[in-house]
Amino acid sequence: MNESLYQLANLGLLALEPPGWGAILLKGFLASIQIAVGSYILGLIIGIFGATGKLYGGVVARDLWEIYTTLVRAVPELVLILLLYYAGTDGLNRLLGLLGYGSLDINGLLAGIIVLGVVQGAYSTEVLRGAIKAIPGGQIEAARAYGMSPFMILRRITLPAMLPYALPGLGNLWMVATKDTALLAVVGFTELTLATRQAAGATKAYMTFFLAAGLLYLMLSFFSGVVIRLIERRARRGMAGPV
Amino acid sequence: SAEQIKVGFAAEPYPPFTSLDASGKWVGWEVELADAVCKEAKLDCVITPVAWDGIIPALTSKKIDVIVGSMSITEERLKTIDFSDKYYNTPTGIIGRKDDKFDATPEGLAGKIVGVQVSTIHQDYATKHFGDKAGEIKEYQTQDEANQDLAAGRVDAVQADAIALDAFLKSEAGACCDHKGNVADDQAILGKGVGIGLRKDDGALKEKLNAAIKAIRANGSYDTFSKKYFDFDIYGG
Amino acid sequence: MAETAQAIQIVGLHKKFGPLEVLKGVSLSARQGDVIAIIGGSGSGKSTFLRCINMLEMPSAGTITIHGETIDMKKDGRGGMQPANRKQVQRIRSQLAMVFQNFNLWQHMTVLQNVIEAPVHVLGLSKGEAIARAETLLRRVGLYEKRDIYPAFLSGGQQQRAAIARALAMDPLAMLFDEPTSALDPELVGEVLAVIGDLAKENRTMILVTHEMKFARNVANHIVFLHNGVIEEQGPPDQVFGDPKSERLKKFISSVH
Amino acid sequence: MSEQILAPVAPEPEIARESLLMPHRIVLMLVFAAILFCVIYFMRWDWVAQYQGRLIAGIGRTLAMLFSSAAVGFVFAVLLGIAQVAGPWWLKWLANGFCSIIRGTPLLLQLWLLYYGLGSIFAQFPEIRSSFLWPYLRQAWPYGFAALTISFAAYEGEVMRGAFAGVPRGELEAARAYGMGSWTTFRRIWLPRAVQRALPTLNGETVLQLKATPLVATITVVDVYGVISKVKQDTFLTYEPLLLLALIYIILTGLLVVVFRYFENKIPVKM
Amino acid sequence: MAETAQAIQIVGLHKKFGPLEVLKGVSLSARQGDVIAIIGGSGSGKSTFLRCINMLEMPSAGTITIHGETIDMKKDGRGGMQPANRKQVQRIRSQLAMVFQNFNLWQHMTVLQNVIEAPVHVLGLSKGEAIARAETLLRRVGLYEKRDIYPAFLSGGQQQRAAIARALAMDPLAMLFDEPTSALDPELVGEVLAVIGDLAKENRTMILVTHEMKFARNVANHIVFLHNGVIEEQGPPDQVFGDPKSERLKKFISSVH
């Protein structure tokens, strides 16, 4: 009767060795983390270009970045993932075909990273842009006055100086990145959420696996929170009091 | 070396045809079929799970090269993709809870909520034949979810491939329910059996696969691995 | 010899912001070791002039010659000018060290890191060399103990002294000061002026914009009174302060005192 | 990157104020028109007429999900926020824990946990099955609604916590000094003031909530995303339905932003 | 009659913050129409005393009687006191209108809404009545034109006058002012003091904490000098300012002037 309740306590299903599904879950978890890290880094790179493009770029660059960030932030991630996942790779392969190259084998991991990275990029752009704007203008002017080249100013002054302003936003984005990986389940990529469903489907122990996955996600977010706070404290060491 | 092709499975479990086991391996009748066909056709097959919902776009955008996913050969699908010859064919059944007595007919299903998997022939069939009478045709992304909701009492009946239903009824969760009968045939919708999905321009591959299916039927390996799963002839008439 | 002795030479400098002409032909020459104080009312164009010297603002017309090297400029499409050679501008900027009103220390670096940043990354000094030089300078401005502190934790006067050390670390041909004490509390002004006064004694070329008339009189050997974008009057301090010719300068001096 | 990058960050031209007729804008618009033309003429749109009714119903369901979950979620958010700011320690702790747990796990997982996990447990109790609630509990939307509401409450709870804490203490003290009781103070001063402060954030969060609604399609609620999925499966088209879907969400987002702008502008804030 | 004439009577007020005893037994009585100015050094407990009167701070000991009604207090478990009857406290607060140093206008309401808020929601006036009363008062403090403006868009002086109108709208038995001008720019102080001066002439009971000695002398009929939590000296303004007895008051007066 209370089969699911009984299953709740059946932790044997979570064992690492078959017939336990622990290994599958952990593999999915690892895939989630890989995608989260990858897409986050990609998003940051896009964000740096986007933010500098929006702030210092020419009129055309500014408009193009504006279109990118507006569109990406207005469309649900789920829809973007489907669009980019199918259309993106399809389009890329067609383009390569036109150019006379063979079709590129884009595996699920890479596709997932690229798709989520493009989404993250739009948000990173906004976070970094706000942070750069928060740097007192004089700091950049001082760098110019000492003969630094534009690229060096970006590398030595702008990016490190904006960090304390950007970190809260970037921390949130990381949390979003870890959770958005779950959306790749809908394109059949076996990350933690889909692995959970496969395990649950095979064993019918839905509660057990969903709760186990929830716990894994929570651990990740808790651990991330601790690390983010550490980084934030370090980055703020040059600031007197809270910003 | 052998030509490499990517065999697309639905990533969601569909026992006894394709499902993941606890060690992370894909197992089931269709996995063995794919292996046998690939071996016969000298193809290097790579199993590539994709979402059932996007399996046709995955094929057309070359993420996979063939679909081995219990996909019935229908007119509608043939407009978009191509199929090999059929490799099995089974009747379509309807199951419901044991304490709920009804037949697999439009009258029997009057007022009932019928669960089907999306973009299957069952969805089309149920919509056409039961759509007016039934309380609701509820669509699920995976067969597994439909079964689960039947057990949870959120639908009254599930229409699907009789074999897949049989596997569910035999499982622990399926103890709630029994087989209510097979639906009346409708070739136009239910099609001519299940084939391997292919892109339209893949004529050479299609020839190879057809030859391989014929060969494993002839040399008995088809029957060998089928026996492990079924006590009847799944190839059908 | 006559060439190099002329440290900074500016001829006919004009600067427009849109329709507003802020500088209307300003010429100035400073010999090696000169200390020139620029005074004038608010909005007279002092800061703009100083910022033009190291091209933080692009002049609209005029030439700037630093130690015999004239900065190449070319017309941009829209009636203004732009540097012809970006590398040249960067090189010349590295020779003219500017000290800002708001200090503009880099907040993400300690005092020492602030001081070695440009020597290492612009002049290409080795880190060890830069640190050695920086420590000497920090000792000189009395900030050796604070070298590993972040600027936010220093008082305004300490920050400005750090900024001066940062400027000195470039071993510049000339130093430019834009109201270096006006963002400081009155009690802290003295310590910064003392440091600048010491530098003046060392025969360092300096151009400073200041509101501290007494200080200007003591420290500078040449005073420039800017009014409405032109040099209204200039000369040695005793003449400018003691015997002002123009009505405007008279009024200015009496209003400040 | 030209010398432009050297420019101090401050003078950032307001894009909206620039003319739409700048040459590159015209080029962009032409490109856009060309894309639009290609999209319309080279893609298949004949299905739109056939699915029109269902699409509109789907949009209706999406909006219903959005507004009901946001409205109810907001009430909970206010409670969570005030509990964290003014509650006793155990309530603070509970509210904080709730927010952390919900914000730390994916919504998709929460949705499935509620629907497949909790829902299947309900089914095992004959008491529940025979109760008047069962007709609701056997449907999917209550679970979708619950998951969306909980998620909104948790995220907004954080926002409201900040907003409540940010209301100047003096204004609350003034309310007390004029004889207002704690409930009146809360209702007339603290809450409206906090909501006012939180409005810009709420705007962004509501857009995020709109973008989260399609997840309910994975538990058989046929919102606009569900309808588009069906179109995809019926027609075997991929890009056309998704493009239309993206357009629909862009329009809905735009409308939300406009509505919030209106409310934000009602109480001018000095910059 | 003697009863009601005694508007505010405070006896032996003590207030501790943790171990710190800020008020060490302060007694004060104000008759109807009295204008009492409390002066004293920073940290002497003036604000705390004022805030105790309308129970924004809970006294640790002592009694507070407003127009013959003594506020019921009971011991809380931890050595302090707490109001025995919350409704009574609210009612008494609504009769003692407080004007804060930082105005504390409700930022999400226009000036008019600020003024009618408490009359409608505390006193239970109808909206129409409250608006009529508010408009009269706003005209009086010279803010009628600004009634539909949000406080953020007013100058400090205007905000404080709005706050005074808000207080007057309660038609209070007495008004309490805590340094009503110290958050204002010097130019704006005058307009607020003028309004308060007018109120004083109308025979309104007022207790005000202020640093404006000249104003206190002109407006108050009784001066209280608080020092270190006790009343060091009190009396009519001419006596307190003209002929201070205690050393401390002498020092305080000379330091302020």
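In this document, chain identifiers A, B, C, D and E correspond to the written order of the chains, with residue numbering beginning at 1 in each.
We take it that a residue touches a chain if its C-beta (ideal position, glycine included) is under 8 Å from a C-beta of that chain, and two chains touch if they have at least 3 such contacts.
Keep in mind the model is a prediction, meaning the values are calculated, not measured.
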TODO: Could you tell me which chains are in contact with subunit C and with subunit D alike?
DONE: A
Open item on the list: Tell me the chain pair with the top count of C-beta pairs in contact.
Closed with: A-D
Task: CA centroid of subunit B to CA centroid of subunit D, Å - done: 37
- [ ] Could you give the separation in Å between the centres of subunit B and subunit E, each centre being the mean of its C-alpha atoms?
- [x] 82
TODO: Let me have the rounded angstrom distance from the C-alpha centre of subunit B over to the C-alpha centre of subunit C, please.
DONE: 81
Task: Of all residues in subunit B, the ones touching two or more other chains - done: 53-54, 57, 60-61, 148
Open item on the list: Counting only residues that touch at least two other chains, what does the list for subunit A look like?
Closed with: 3, 82, 86-87, 138, 141, 144, 186, 197, 206
Task: Sequence positions of subunit D contacting 2 or more other chains - done: 3, 116, 120, 218, 238
- [ ] Quick one: which bits of subunit D touch subunit E in the complex? Just the residue numbers, please.
- [x] 168, 170-171, 173-181, 184, 188-189, 192-193, 196, 267-270
Task: subunit A to subunit D touching residues, read off their complex - done: 1-5, 52, 55-60, 62-64, 66-67, 71, 73-80, 82-83, 86-87, 132-133, 135, 137-138, 140-141, 144, 150-151, 153-154, 175, 179-183, 185-186, 193, 196-197, 200, 206-207, 210-211, 213-214, 217-218, 220-222
Task: Sites on subunit D touched by subunit B in the complex - done: 116, 119-120, 122-123, 129, 134, 138-140, 218, 220, 222, 229-230, 232-234, 236, 238
TODO: Name, in rising order, each residue of subunit D that touches subunit A in their complex.
DONE: 1-10, 12, 15, 18, 22, 24-25, 28, 100-101, 103-110, 112-113, 116-118, 120-121, 124, 207, 210-215, 218, 225, 238-239, 242-243, 245-246, 249-250, 253-254
Task: subunit B to subunit A touching residues, read off their complex - done: 10-13, 15, 19-24, 49-54, 57-58, 60-63, 142, 144, 148, 171-173
